[in-house]
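Below: a set of structures, written as structure tokens.
Each of the two complexes below includes chain A, the first together with chain B, the second together with chain C.
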Partner chain A sequence: MNTDKKEKGRIGQFIESFGLPRLIITAFLLLLLILAPFVGADLPTQITNIIARFSWNGILVLAMVPMVHSGCGLNFGLPLGIISGLLGATLSIEFGFTGGLSFVMAILIATPFALVLGSGYGWLLNKIKGGEMMIATYVGFSSVSFMCMMWLVLPYKSPNMVWGLSGKGLRTTISLEGYYIDTLARFLRIRIGNLEIPTGTILFFALLAFLMWAFLHTKTGTAMTAVGSNPTFAKAAGINVDKIRLLSVVMSTWLAAVGILVYEQGFGFVQLYMAPFYMALPAVSAILIGGATVNKATIMNVIIGTILYQGIVTMTPTVMNNMVHMDMSEVIRIIASQGMILYALTRKTEGAK
Partner chain B sequence: MNEQNKPLLELRNIQKDFFGNQVLTDINLTLHEGEVIGLVGENGAGKSTLMRILFGADMIRETGGYGGDVILNGETVHFSSPFDAIAAGIGMVHQEFSLIPGFTTTENILLNREPTRSNVISQIFGDRMNTLKRTEMDERAANAIEIMGVDIDRSMVISDMPVGHKQFTEIARELSKEQLKLLILDEPTAVLTEREAEALLESIRGMAARGIAIIFITHRLQEILSVCNRVVVMRDGYVVNESPASETNVQEITRWMVGREVKGGEETSVSSRNTETSKTILSIRKLWVDMPGETVRNVSLDVKEGEILGIGGLAGQGKLGIPNGIMGLYPAGGTVLFDGSEIPLNNPRRCLDSSFAFVSEDRRGVGLLLDESLEWNIAFPAMQIQNRFLKKYLGGLIKWRDENAIREITEKYIDELAIKCTSSRQKAKELSGGNQQKVCLAKAFALNPRVLFVSEPTRGIDVGAKALVLQALKNFNRESGVTIVMVSSELEELRQSCDRIAIVSGGKIAGILPAASSVEELGALMLSQVI
Partner chain C sequence: MNKNTSANKSKGNLGSFLRRSSVPIMFIIICAFCIPLSGLSPSYLVNEIVTRMGRNAFLILSLLIPIMAGMGLNFGMTLGAMAGQIGLILASDWQIVGIPGMVLAAIISVPISILLGLFCGKILNMAKGREMITSYIMSFFINGVYQLVVLYLMGSVIPIAHSTIKLPRGYGIRNTVSLLAMRQHLDNLIPLTIKGVKIPVATFLVIALLCVFIIWFRRTKLGQDMRAVGQDMEVARDAGIKVERTRIIAIVISTILAGIGMIIYLQNMGNIATYSSHSQIGMFCIAALLVGGASVDKASIGNVFLGVILFHLMFIVAPRAGAAITGDSMIGEYFRVFVSYAVITIALIMYETNKRREKSRNSEQLQQAQQEEENR
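Let's turn to the complex of A and B:
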């Protein structure tokens, strides 16, 4: 009886620390993996898909970390960084770089855009402390809409990118064939039967994740966490709170820019116009599924969250569609991602002081 | 006064403790119709608690109720909420205004008690949809204002009014309640100009003449003497004196307020040293600080090297503003000279670089990273300001947190200050108030400051922890030769720990006395320039 109670307490504690929604999602993913062979899906292919999608999205999710640490909340303004990345990508192609070099150049060209846009964004967020996430959402919306016009107007000339008939204005989808498609994934790629691991992309993510982890262990990184934890404490310890917050926003924007380039090299296409619009919520959702809160996030949250989220995104279409012969995937994905965000935001008050 | 009659209100043996901490002991008080009594006492003497009991505040019930009887009109009453108290005829005007800025005087006075007439819509949707009877509202507001004997514009919007009129509106609201028999005024003159205060006193006399009993709480003793029939003095939860206002004077009341009963052999050991000859290490000139509720108006003060200087005074007089202003947490002006060189104000970093340290009175808000470990809390400022607890790589380009050094220093302070915790990695929010305060001290000690500002070091912590905290400060001062400026509302604590005590009153230094001075002398200074 007594041990029973103790056992119950321990399970309760485990649920508490792991989080009930995360537990449900993990169980759901495992169920999908178990079901997959029975409905006729090839398990190694499915796992290959999960790993690939993890490698594409990991850095975009990692981009959430600095702003969560500095107390700016979840970066719903991710599209701003993605736009910097897209500018890098299109300009790199426009300037005629090809192959692996075009990827490096895309990052280099995207960097100044990310720094400038990120600084402006950070300056704005410093003006509206307390309402960061709402403002961030609208920064994302408006920047995407603005760029929808710019993609048409900017004088791009490369025949690989502009509309065929008029010869001006960028196409919605640009193939990366001949540019940096699979640049990272090809590096040390492992193939075992149907299982394929894009080692290079994972290593690149690991490198950035390590750098982020290391940064959080430095003096400035420590200050960033403290600013997020209690800005008044940080101010009393002589820290320039606004500067640290600005730094975190710039970091997040730059990571988003690099993140989208890595995503493209795996996906094989540059997607313009409304595409960046749909990138922020999955990233926010992934880090929350990983166990982060509005003001605490670790690298582990990023890794676990991305695997769980992308796992569900890849598995549901195959398994569910085979089972019910109806396209349920999108519905389930939306319920999982939006529901997770909603859940995390309602829990915000508990984490707050 | 009609002393022969049955009293309107009688308090018998009122007792109240907060979790074993006795704050009211055997309070007996009677009040007759039309009588005005003045209630005075230092902060923490128990005035507010007593009034809360009388007014049926939720907080009293939540903390375990009270002992003794409240007898109103010969009946024992037990209010379970302020609404019951209002229904029984008790009105209270709080120090903070509770008015709606965009509404007119009339609307505020009769809020939620408006006379109404039913209409078509209210027939369907219920009484909340009734039409207001504007003319009747105006009449009732006019009546209430007339009782006070002042002239305020009934149609003026609250946000356009001077503070004095807002205060009158609050009182008029209470007066407009027909059943009102007893009015409690909690420091109503604190925000008023002298002229307005005079008008208020006049209206108190007018109300009393109409048979309303009034309990008047204030720090301005002169007002009490001019308007009250009786003065009740509280100290440490006891009523220490009750006498007719005509038979006493300001000096006497002051003595009752602050004077300790000297019990044989229990006189606190005062260990002050003479520091007059030491050199001045910190010199403050014409300091003003805009800290809400603790405005510093014009402070000039010299701190001697190696001393413990106490700063005392009543709440709201500006003593807390001094360290907060110097440390750059609130806008400030004036000059601060440290060791001969000027310290720029409004810049926390420069103060910290000049080896100042500050233990804030707002432990949870400013003092701690509640969600982080003790290690972080203690080592963080020293790491950020003095680059300690860091390992440097690549010629100082990378400054890596040195976890071992951080744990070492944290454990050292956990031992030294006897901080009760499960480990140095425990989160700060999980500690008790006293232990959190010790963490705040450790954080400041770790900076190895030359001047340490400590603000309300014992606020909200139990007696045992209090003694430990004060001893730790004293040791730090004696062993490391650190100059300490200690701000506290508790005179006794300052007298025990400090060498000299500066008393702040009205945002200025009212005087500096050696710690051995009597409580009466210090108390007189406290009240000297109260605004």
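Let's turn to the complex of A and C:
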């Protein structure tokens, strides 16, 4: 009787710590992977897709980590960093850089933008502690819609980017052919039959993830975690709370800028105007699916979350289409990812506030 | 000492008045600047504003009750809008036309709204302190469920008879559903035209009825409870008010009103964009309310009407003015989207900074009082 209770408690504890929704999502993905060969989908191609999409999105999800650690919550203001990245990308092309060099230059040009915008954004978030997430969402929206005007007005000249007819105003999508398409993915690419691994992109992600991990173990990094878990205690310990929070926001913004550039080199196009609008939501739900909460996130959460999220995004359409000839993947994606965010928001967070 | 505090208070009042009304003042300036540039005639503008007032006021009024209950801006009003759309789709499939069709749509939408409102209220109770972001994500989540119902279940599980609103593949609803049989039936129920301005009298009567209801509701026991909950949840709980229940009721009422409001909105438009009509509605309504001088914790009926006038004036005028200045109509188009988001951002920032200022002022006062105590 007693042991039975204990056993039940252990299972309950496991579900509690792993999270029921996460369990369902993992099981669902496994089911899809098992079903795939039976419904006539080519498994290596599917896995290639998942790995490729993981490599595109990993850094965008990684950008969530610093702000969660410093207690600023989930960074719904990711579009601000994405805009810095887009400015870097377009300016690099405008200045006539090509090939791999254009990628390096895009990161270099995006950096000052990310630092300036990130500082402003961090300063703002320090003024409104407690209401970060909602305001972050709307800072993202405002900046995207402001840049919509700017893309039209700014004096870009490169014929590869502006509308052909009027000769001014940037196009909504710009092809990266001849610029930095696949720059990272081509590096040490592995091909086994239908299976293809973009080693370079994954290495680049691994490098940034390692740097982030190392940073979190430095003195400043530990201070950041302290600020996130108990601001009053951190203040008493002589940590400048506002400065640490500002640093975390700047880091997040810069990572988002680099993240979108990596995404573009895989995707092959720069998307402007309203495209960055909802880009924060997939990244947010990915890290939550990976096991993060509103005030706790690790590198492992990023990796697992991105694989699970992108796995579902790539697998559902093919498997569903082959099985029932009904493409419900979009609906499933919306319900699963938003449901995950809702679940995380309703969890009680300990310490914070 | 007493004199000092009262002087402080009056100074604070003027300051807070300016702070509260800074957004409407800014909008009056933008409009005053843009109207001459747009070259639109005054009679055209008045006509447009009156139409848009009838179209939007009911929806915006639905936001007031959650604000009263201290739950902030109800981004979940989209839930009600979806319920309203489902009602209209079914009513138009059953070919009930005109006013009876609208009433039927409202009757169908109410139970759906109640269910969604209960669900939303429950979830928001679990996420106290971050209601707004939660209700915002909630609108996306339910949008997924709505798409599941409308795109896959309607026609396959829920019978839809007419192929004019069904997708060619046999199930799912088309991108646009025509409401020709209901188009502006409420607006034209009591026709009245003054100096070329068409006034939708019946719609305004419905809106007036809702205003009366809200004023009456504030005075009821439940309304008072809501205000108490909005002021301070703990104090209200100590006073014996069922906080959770009151908050859920506030959201349910708001969702029902939003559903009916959406039906009024769509009868004026004349067709439903099945998969997009509702997605923007929450944002525009909230922006309009804030432009009218409301804040996250305080909103009145006056704010609603001032907001509709100013916000939609900007909306009509901005593209033309933008085209006149830059020669590109898209700029004005983007400008008005930017302004809507910027207004919400500014209002949210002001709300949070005010909250912090009040907190620090309170602690200062406490400190002062303590010091005085010690001195004595």
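Basically, the second predicted complex is superposed on the first by the 337 of 353 C-alpha atoms of A that agree within 3 Å, B and C clash if a C-alpha of one lies under 4 Å from a C-alpha of the other, contacts with A are read in each partner's own complex, and residues count from 1 in each chain.
Just so it is clear, contacts are C-beta pairs under 8 Å (C-beta built on N, C-alpha and C of every residue); 3 or more make two chains touch, one makes a residue touch a chain.
Values in this document were obtained by computation on a predicted structure and should not be read as measured data.
Touch criterion met: A:H217 reaches chain B, while chain C stays clear of it.
Annotation for chain A, partner touching more residues between chain B and chain C: C.
Touch criterion met: A:S229 reaches chain B, while chain C stays clear of it. Shared-chain residue A:I239: touches chain B; no touch with chain C.
Contact with chain C, but none with chain B, is seen for A:Y138 once the two complexes are overlaid on the shared chain.
Once the two complexes are laid over each other on the shared chain, residue contacts for A:L35 go to neither chain B nor chain C. Once the two complexes are laid over each other on the shared chain, residue contacts for A:L154 go to neither chain B nor chain C. Applying the stated contact rule after C-alpha superposition, one finds that A:A206 touches neither chain B nor chain C. Shared interface residues of chain A, touching chain B in one complex and chain C in the other, are 353. Only residues 123, 126-127, 129-130, 132-134, 136-138, 140-141, 143-145, 147-148, 151-152, 326, 328, 330-331, 334-335, 337-338, 341-342, 344-345, 348-349, 351-353, 355-356 of chain C touch chain A when the two sit together in their complex. Listed in rising order, the residues of chain B touching chain A in the complex are 327, 329, 348-349, 351-353, 358, 360, 362, 364-372, 376, 380-381, 383-385, 387, 390, 398-401.
The touching residues of chain A, counted against chain B in their complex, run 214, 217-220, 222-223, 225-226, 229-230, 232-233, 235-240, 295-296, 351, 353.
Residues 76, 124, 127-131, 133-135, 137-139, 141-142, 145-146, 148-149, 152-153, 169, 281, 326, 328, 330-331, 334-335, 338-339, 341-342, 345-346, 353 of chain A touch chain C in their complex.
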